[in-house]
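The letters A, B, C, D and E name the chains in turn, as written, and every chain counts its residues from 1.
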């Protein structure tokens, strides 16, 4: 699980603000997609050069620019130039070992989050870093791989479902955040099912294979916890923020996503508790079984050893 | 116990403010009952359509509207329209996986609570979500199933017992809260009896069946804790609230219910402590018994194996 | 130990402010004793009807009214009427499952405390609820049974020993508090002696009977902790109080009793630590002894089983 | 270790402000020594009657009065009268079961501390209570036995080494405090050596005698912790104090001693951690050894029991 | 591991402000190197006498004076005189048992940090104390041994890489801090690799040698934690500092290094968790194996002891 940590040392010694993508390259080519919308209209297109985004800066409409693939650092440097983003923020975007956090840079707000999902193959839980920049009339999002979690938002914009087309950039950023947090429930419920299954089985059969299972789940919970714990602070900070970028009408929505975050963190704690309980049960079951085995041995020995002696005589 | 968590993922991807009842449908048909009272008079009737409640909004009397059954979301939408309730609040009412919480929406205060009782059949502890909305001259309450805990309040209103008929809406909301908190004591004392029984038995017989019992009680305590812990904040927030909806004369009552809440939370912690103690005792008893068995084995073996050898010669 | 919890559910469903004595009736008849004193004079008498106390309200002298026996609720209702006490305070006085607490009601301050002593017979630690009300020129105290802890104060008033006769009501209330806190040391030292005895013995003999002993002491510590922990807040609140009822000259005395409270709480934690240590030692001793037994068995078997085989040939 | 607690109950029932020495009398006769110094001059003498100290109150020079032996309470009463010390402060000085603390009494500051050293004979760690009173032009110190820790300060004053003769009373009080804190390092390093020795040995030999050793060290750490933990607050409070008795020039010195205090507390925690680790290692080693023994037994039995059977046929 | 503690007692009894190098002398001769730079120019030279540094105090350029070797206290005294440093600061520089800390002395800021690296030979983790003083136009750094971590900074200055030559003294101090924090990742990742290796192996083979390994790693984590935990406060304090020495343009850089610090501390906690998990697994594996052994023994005994008896007859 300390994979996240490992990446960092490659950066030691480089001057601050150097863009170095930390992580495996997960897509072949970085791509930029733009969705520009207002209540009346909506345009969608792919962009080759970040400089083409410059035109959207002048419009009143909401512009959502999504970048997929973080290994092409020159592309990110261009983005930074067009939107006036601090080099250290760009560095954080490509350094995928970040803790979730919120930074208010005055002109824009910067959020780093983790998207969690079960990887293909061995089914381990994988974290993908997602960065969101909320500007006055644009939202930038950066993903390592093309994610389907944001497709729901795209659909809502396309079909003008819900109130998203009537609201501003802050509501779009909130929607992205909400989609990510909602997605945690899916991963957590999956883990919850596994832990419940272990809990039920462990009383009946306490084989060593199950122990390995418990320890794998425990490691996954540690991993979840590390990525979800700082989220509270992030969302809470957004709620309490006095930035002009976030309007007051967004308050009930932010409170709502904050409560979901608390529920997520609570669930992680609850599952950790359940796992510890399972480990305890495992230990007790092993002790109990040993007890049973010893009783049989003692019974046999107590009966037959004296008898053998008598027979021996 | 992670059942609560499971429900949530069904909502992932829906736009915020979508009403989707999360939980099993527990009553066939939702019903609305209205009690309208002042010191002098008191009326009681069943209502079919939430729009019929509109007339009560204009009266000075205290109006208590209780909705049983949350699966008919259109009915709740109508309620929301009549009383001007935010869509996210309605969403929280039907999403029965909420944590207990208090929200001040200016015109009204919104509380979510858990009613706890032993289910029929297997006797597991079940949580029912109860939502209370306190408005200027009305109190709305939402239940999943028809509960008998509020019947005590209805009786007090009908018979004008205590000071309830002389007080306003805030006292009614307090009474509902107080009835729910008082009910926790019954569940806790029942659990306390079971835990005490386990504690007494575990020193004498430490059979595996008892272990399962301890673990079941432990899971129930985790479940209780999750539902009761946030209550402190809720009731404390109500006590400190500066809303006009809660008058100063209510302060000693709120302090009283706050102390009961603290007592409930303390009892949960105490019972958890006792359970851990029982588990420790269990483990020690198992060790001790193993020790006894081994001593017998060793005694027999130490006497008869040499003797058998001598006899063998 | 969850006896305290059990009592509460009998109250569920009653309107707030209903006086119902929760606890076993411990004296046959409630009695009221009055001590009225100033620096110059001192009178003492027994009172039948609380209304007789009304005359003391007008005097400048310090009046201490002590009520023993809480089951006669009508008597308490009369007291409440004479001294203008809120019904919820009266309810707290008779509901003997209260947590220690301090309430400032403007005209008077209300304190609930626990007196702890070893019961007759089985020697279990018993908690008696003591309530103190500090008014402008009177102090009311309520006890479940006639207690000898307050006799020291009575003697000091009678003999004008120390500075009590020169000081006001606040000093009297402080003296009662101080007497109760001082009494905790006696119970704690007694427990400390027992725990030390266990700690010394457990290394030598680890028999199951000792385990029961440790668990009994552990339960008693949980009980102590529950009753003493909230005391810090009570006494700290009194020290920081800005009420006119407590004069500045009392500050060093309150600080003194506050420090004793901290010492009491510290001692409870220290004793808990020692008990956990004893339990650990117990477990290790059991393991060690098992080890010894197994070594003997292995030695005998390793020598004689092969020999028996040889002899068998 | 609960010896500290035991002493207290002898005081229960006495009116507050009663001087009763709690502790064993450790010197035959109490003695008073006075050192009076300024940058230019320095006088040293023994005093019989506290009233002789009165003359120093009028001088501008720094006067350090050290009292050794606390059982002659009349002597302390006289001191209290001469220097105008509150009876509760005197009570705290002779009640040697105090927690370390700081009290600002306006005219003077009062500190209680513990001096720790290994006792003669059985080598147990012993705590001696030291009280320091810092007045406008005098410093009073009270010790149970004549201590050599303060001799360093006396030497510095006599030889005018360092800046002590150029500074005021606050610097003298700081020097006493600093000498006591520095002394803790000696005791802690001694304990650290023992714990390290245990840690190294426990992996190789896990005999029951070592277990007793670990438990003795654990008790000593509990004892240390109890006496050192409140020190942080004391020194921190002195640093933040706005009293006129402590000049601003002392700030870096107080910060320095505060950091030493933090280091002391950290070391105690570190040593506790190491001890817990040793106990865990002990348990594991015992388990491992049992495992080895069982393997031998099983090997022998598995080979020879069937052979014996064959031979038997 | 308590080596850090041991050094301190040698200082007990010395007057405050006495320079005494605590630690082993690690270089033969202390040396002073000066780098003086502005955006346009850059000079580098070695200095024999600290007094030669006086000329740099008048210049506008940034002057970085690095002292290697702390045992020549007279040299440090001269430095202190030239730059007007408080004797207690000098004492902290040579007393290498300091906790990491930040002190604002108005004219300059003083930081103490620990550089961590694996020692030669036995490969134990070693801490070297590094002190940094940030003045208006100079930065002083003090090391015990010539370190290669700062060489990166020297290179950046020499080659004018990054923005270091365009920035002031505060940026240089930040760069030193950042280089030290970045270096922690290397040590932590190395530990992380070892811990992961242990975690993987422990399920398969649980031999006593591995136990020693786990305990060695645990001790190293305790050591890391002690040295890294106070770092948060240091860097956080620097970020929040309102000193003129730190300009506002440095804020994003300080926030960046603060987050790295949090990541370091988080990683330490994560690794500690993983180690505890490994220890648990170890214990369970030992229990399991014992179980297996016992089953074999019981099987053999249950079959052959009765058979032997039958054969005996």
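The criterion applied here is as follows: a residue touches a chain if its C-beta (ideal position, glycine included) is under 8 Å from a C-beta of that chain, and two chains touch if they have at least 3 such contacts.
Here the structure is a predicted model, which is why all the values come from computation and not from measurement.
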Given chain D and chain E, the chains that contact each of them: none
Interface residue identity across copies chain C, chain D - same or different by half: different
Angle of the C-alpha superposing rotation, chain B to chain E, to the nearest 5 degrees: 145
Between chain A and chain B, centroid-to-centroid distance (C-alpha), Å: 31
Interchain centroid distance [CA atoms averaged], chain C/chain E, Å: 50
Shared-contact residues (touching 2 or more other chains) in chain E: 287, 290, 294, 297, 301, 305, 308, 312
Chain-level touch network, classified as line, ring, star, complete or other: ring
Direction chain D, origin chain C - full chain order round the ring: C, D, E, A, B
Interfacial residue positions of chain C with respect to chain D in the complex: 152, 156, 161-164, 175, 178-179, 182-183, 185-186, 188-189, 192-193, 195-196, 203, 252-253, 255-256, 259, 262-263, 266-267, 270-271, 273-274, 277, 280-281, 284-285, 287-288, 290-291, 294-295, 297-298, 301-302, 305-306, 308-309, 312-313
Complex contact set, residues of chain D against chain C: 1-2, 5-6, 8-9, 11-13, 15-18, 86, 88, 91-92, 97-99, 101, 103, 208, 211-212, 215, 218-219, 222, 226, 279, 282-283, 286-287, 289-290, 293-294, 296-297, 300-301, 304-305, 307-308, 311-312
